[in-house]
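Lettered A, B, C, D, E and F in written order, each chain numbered from 1.
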Amino acid sequence: MDIGFTSLWQSTGIANFTGGQLIMMLVGCLLIYLAIAKKFEPLLLLPIGFGAILANIPGAGMAESAVGQLLNSGNPEHLALLAQSLGVPVDQVAAAWKSAAGQAHAAGNWLASDLGYEPGMLYRFYSASIATGAAPLLIFMGVGALTDFSALIARPSTLLLGAAAQFGIFLTLLGALALNLVPGFDFSLADASAIAIIGGADGPTAIFLASRLAPDLLGAIAVAAYSYMALVPIIQPPIMRLLTSEKERAVVMQQLRPVSKLEKILFPFSVLLLCILFLPSAAPLIGMLMFGNLLRESGVVERLSGAAQNEIINIVTIFLGLSVGSQLSAERFLSIETLGILVLGAFAFSAGTAAGLFMGKAMHKYSGGKVNPLIGAAGVSAVPMAARVVNKVGLESNHHNFLLMHAMGPNVAGVIGSAVAAGVLLAVVGGQ
Amino acid sequence: MDIGFTSLWQSTGIANFTGGQLIMMLVGCLLIYLAIAKKFEPLLLLPIGFGAILANIPGAGMAESAVGQLLNSGNPEHLALLAQSLGVPVDQVAAAWKSAAGQAHAAGNWLASDLGYEPGMLYRFYSASIATGAAPLLIFMGVGALTDFSALIARPSTLLLGAAAQFGIFLTLLGALALNLVPGFDFSLADASAIAIIGGADGPTAIFLASRLAPDLLGAIAVAAYSYMALVPIIQPPIMRLLTSEKERAVVMQQLRPVSKLEKILFPFSVLLLCILFLPSAAPLIGMLMFGNLLRESGVVERLSGAAQNEIINIVTIFLGLSVGSQLSAERFLSIETLGILVLGAFAFSAGTAAGLFMGKAMHKYSGGKVNPLIGAAGVSAVPMAARVVNKVGLESNHHNFLLMHAMGPNVAGVIGSAVAAGVLLAVVGGQ
Amino acid sequence: MDIGFTSLWQSTGIANFTGGQLIMMLVGCLLIYLAIAKKFEPLLLLPIGFGAILANIPGAGMAESAVGQLLNSGNPEHLALLAQSLGVPVDQVAAAWKSAAGQAHAAGNWLASDLGYEPGMLYRFYSASIATGAAPLLIFMGVGALTDFSALIARPSTLLLGAAAQFGIFLTLLGALALNLVPGFDFSLADASAIAIIGGADGPTAIFLASRLAPDLLGAIAVAAYSYMALVPIIQPPIMRLLTSEKERAVVMQQLRPVSKLEKILFPFSVLLLCILFLPSAAPLIGMLMFGNLLRESGVVERLSGAAQNEIINIVTIFLGLSVGSQLSAERFLSIETLGILVLGAFAFSAGTAAGLFMGKAMHKYSGGKVNPLIGAAGVSAVPMAARVVNKVGLESNHHNFLLMHAMGPNVAGVIGSAVAAGVLLAVVGGQ
Amino acid sequence: MPFSELMMTGIQLMLIGMGIVFTFLIILVVTMKGMSRLAISLEGELPAVDTAVKAPGRSDEVLVSVISAAIRRYRDTR
Amino acid sequence: MPFSELMMTGIQLMLIGMGIVFTFLIILVVTMKGMSRLAISLEGELPAVDTAVKAPGRSDEVLVSVISAAIRRYRDTR
Amino acid sequence: MPFSELMMTGIQLMLIGMGIVFTFLIILVVTMKGMSRLAISLEGELPAVDTAVKAPGRSDEVLVSVISAAIRRYRDTR
């Protein structure tokens, strides 16, 4: 053995840095800066940013599988063994590994393990939390346990606003496909669907769908989704002012009727029933959301409701954030596609807001002026940010007009709406 | 690709419902109703009921493995590939998969994964929490950390009541075997043992044993165990009144002596010592129970004791409940065997109660009338419900007779007793 | 089938006890006694001790893998099948299994599973928490979230004390190698490195490194590390009194300057930056430590910081402790090597303390007497015990000299220092 | 898939998707109205204790106000 | 296994099972009595602070009573 | 590896190891000083609200003192 400064120097970060890694670390720092200084969805963006930094440390391989580490090692002997195991020449080993399946895949893992390579910690977190789909679903359970659907139950018609706002999703899908005309873009239908769900303005739904349809784009999609959710107070108001008249914005809505405990208990079953009948592909999302809500409203399992609202969602958020961050590698993130995703994401939020507002105007007319069309903008979800924005814009036109509670209906309807949209995309695109 | 309403319609629940699934969903709703409206062990029955609904959504496959989904897909190409991998004709593929072991099993999983099938979320929860045995053991740790054994330490002789009540287990075992005389029943010794443990009136023990000895019956056994535990206030009083005289029930017992901190610390070691010496097969159950109790009584690890009593037990209960629910498929649950299990379960509780009462009467005589025989009924465990029932029945005969603390001794003794019985069954039946 | 008392008797602990198991159970009891009666690091030593007892129950196999249970079963048919699967004669099966890799290893596991053997619960806990490296890293995250680095930020020069105290690690490494001269010892460089890290006086770092470099010694190393951390109030004072003069010990230090919120937020990035640039092999340890600290100091993710400080660290500690305990088998622990490890550990703590004190004396001189050299002893980490010991010894010489806050700087510097040392050992020894 | 076909599929997917989303949520409106009627008829008339849209954290507020009041009194007495 | 043999095995299992359960718990009675005697002799005489069967949640009750008292006083002063 | 070579490697490792530990932490001293200067210049002057080394559990202490005060008063009034 020969321990010397040379080999240690060769293992340092300085000696191995690539420009891409450096840029991704700066991206990570930017996300953390936005999380701390601008309070941009800090619960997610801070762990995502930190995960991005850790994932791009040269030589640490924290986001790599065991075979990934073997490939990165450059050890010719080990590469030859892997090539032999995969039955390809050494120069094709990386590509062959990417397409290896079944026993060849298992054999590669055995080999890497035998040679002493181990999966990085972030890779393990990703495998357990996102690749299985468990983390976003558990967060959805927590969201259900944290959400009071009373405003929606008191006025079910606001579901239409939550439906309309999902137009942003499907228009963005078209946009993503259209982007293929621009050289450098090559989005498949699955890619486009995963990107489009950013318009659902719902983090766990976006991560769940992206992990199923386009894992390579997951990092960019999650970052776009949470960033735009944080930007809702900047994106929405101009559109709201543009599409509604001063008079419409000043409409004061009737107080909501009280909702009984039994209604709150029956509500999750109503939603689940329709999901079962018409859209089983949305069952994981809607099932866990409604399970969480039933834990909350049943009133007999305070312990479990508390666990879903606190311990589970907090613990899972840490792992989810670090895992999403682990996907922010230079290779994947620093591409023209990410730029497209960011543009499409902004477009999706705007289109969803506009569609919600138009539906709001329709309901305004149809109801004889009782509905303030602004609450349509809350239909994109982004709970509770969008509802607060509605409240704020409403107050500008009428200082005694508190729309918050009225906007909560479409706001939570938007969560259901985007879960339904995700179910459609999974059924049509995922089942191919 | 052809996206059309036809294919989407074919994926809906309505088009695929089977009668069995519908009935199982109603069973799930019934369990939830009992949990919420009747407060029947809601911490378990609510998640079990919801899990049963989710597991039976047609087309969602939430309780299916990846290969299970492949088999359900009906895709002839995929079925042919699986049949080829298993080396059987296509029409025997389902049966061949059920008996596949070793490399054939691994190969089937690789194939399903390569073809894009993924395990359902509830299947993942079940694999991690119940198939490993971890969830019931962690709940047992929490039970240990939540249980104050002082009443038992102050009067060790009540262990005999906890021993006698386990007679319900073994009599039920005979009953289950005898049921084989009825056409339609075919319980093996392992099945009968797993059913019999319902008489232990202890949820985690029943789930642990069933997962080891008769996984196919786990759903029915868990439902029966928790249902009857909730029904203890209805099942026990008539038996108690029948088997004891008014005079016996009115006996006032001496106050319990105080118990020192050192005794409480040495208690878990006493129990563990006997388990080590005489019944190593009960070591997982008794070991975790006593570990939890030591965390509680040591007084130096408040953090860990708190985690065992709250975070861990709450989180695990959610996953355990959903996982048990995932086993409530029509195929397994809607059989004559479930009916038999329900009948045997009621029998087991009654027999255990009676045996405890007889031992109580014996101790009454032997002690010269100092022991109220009612406390024998608490020996079935069902902590703390059975002890409360004893208290209530005792108060009926003597308005100043508070038996609660006296019944806690046999009550917690019953937990140890049924863990011992489970150990015997595991050693004899599991080791074959 | 023949159920008889004979076979049950043969399965009891009494019939199968080996002397080694008995001794290991007494070791477990001793650890628990120290934890409860002497408050020796009870959060770790109590679960470790209990795990040791459970792991050594004869016939229960709680710390064994499925194949391990097959090997222990002595079933000649099963052993023959395993030997056939490994392609060796039956009498070499145990050795062949130990060196089996890749597909042979997988095949052995499949066979054992097909034959009905299941991994013991503690083996599962160990595989999930320590073999993956996850548990020590998550505890390190919690330590970061619990640690206030203000004292270090206010006086960065105390980092030198944290550096000097790591001399104990490297001197112990030499000592471990030198021990090979004594017959019966055969420590490889990896073994010696894992043992040496005991001198880092940091539990999770020691467990992480041992799990990577010398899993066979993990139990003894973890026990030694935590025991000596608990013994710091006994080990350190004589060395402190020996190496410093009364006048030096009486030095009163200047109050620390206040530290701004921004400095606290930038601190984790400073440390991580250097780790990235110079020592990527320390990235898992330092990355998770600094992630936890950022959660704490960012002030925008109270939920996550709370989860890292409480739920996660408590839950993980339970599993980590039981898992470490599961490694305390007679075969591994009752060897001359353990004795060597215990001697070396005491030596490591003493050497680290002395090195820290010498650096303290140097800083005392260089600063013109402003630095009390005692605070150098806190550089070994053992947070916050070592800092408290410094405070106590300082008070003996000057009743108004409160050194606690001044010793916190080198104390937390010692955590960083030993993580850096661990990174060096991993890079040089682990990468071979 | 050639671009034109891809776009056609996308448009198809948009129409079907929005159709299903609206259908689903419109049926849900109807279902929820029925559910509410059922709930109200099951409960007789709405019991007085029914909670309207409740502000979360009510008990925290009480606690905080109580504690701050207690702090004030405590300080006054010193 | 034919039915009669199965039942015989079951009866055997019942006898052995109840035997072991009783044996185990009777030995445990003896062990616990010995343990208690040992504990008491180790501790000299029972220290006064020893807790008898303790009601859990005691501190919660104190907190609740304190807070409710504080609420009452607080309301009275308004 | 023969013993002498093993010891030589160990000594090498000790030298390199301590060298890296010291180098790392000395550079960290410099980095932290620069970082502090940067932080202070970014923040203008240190804002008054800046927390010095803070005792954790402050709020708990307040709560406990308030509650114990409340208990005392509560008992006095009975």
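The definition used in the following text is that a contact is a pair of C-beta atoms (placed from the backbone, for glycine too) under 8 Å apart; a residue touches a chain by one contact, two chains touch by 3 or more.
Note that this is a predicted model, so its numbers are computed, not measured.
> Among all other chains, pick the one whose mean CA position is farthest from the mean CA position of chain F.
B
> Measuring between Cα centroids, which chain is at the maximum distance from chain C?
Greatest centre separation from chain C goes to chain D.
> In whole angstrom, how far does the Cα centroid of chain B sit from the Cα centroid of chain E?
Computed from C-alpha means, the inter-chain centre distance equals 20 Å.
> Go ahead and note the Å separation of the Cα centroids belonging to chain A and chain F.
The mean C-alpha positions of chain A and chain F differ by 35 Å.
> List the centre-to-centre spacing of chain D and chain F in whole Å, with centres computed as mean CA coordinates.
43
> Note the residues in chain F that touch 2 or more other chains, in rising order.
Within chain F, residues 1, 9, 13, 16, 20, 67, 70, 73 contact more than one other chain.
> Give me the residues of chain A that touch two or more other chains.
Correct list: 1, 3, 8, 106, 189, 278-279, 311, 424, 428.
> Spell out the residues on chain F that touch chain C in their complex, using ranges where they run on.
Chain F residues touching chain C: 1, 3, 6-7, 9-11, 13-14, 16-18, 20-29, 31-33, 35-36, 38-40, 42-43, 46-47, 50-54, 56.
> Can you tell me which positions in chain C touch chain F when the two form their complex?
148, 150-154, 156-157, 159-160, 162-163, 166-167, 169-171, 173-174, 177-178, 180-181, 189, 192-193, 256-263, 266-267, 269-271, 273-274, 278-279, 405, 408, 413, 416-417, 420-421, 424-425, 428-429
> Could you list, by residue number, the parts of chain A that touch chain C in their complex?
Spelled out, the residues of chain A in touch with chain C are 1, 3, 7-8, 11-14, 16, 25, 29, 32, 35-36, 39, 42-43, 46-47, 50, 53-54, 57-60, 62, 106-107, 110-111, 113-114, 118, 120-121, 124, 310-311, 314-315, 317-318, 322.
> Which chain B residues qualify as touching chain C in the complex?
Going by the criterion above, the answer is residues 101-103, 105-106, 132-134, 137, 189, 265, 269, 272, 275-281, 283-284, 287-288, 291, 294-295, 298-301, 303-304, 306-308, 311-312, 424, 427-428, 431-432.
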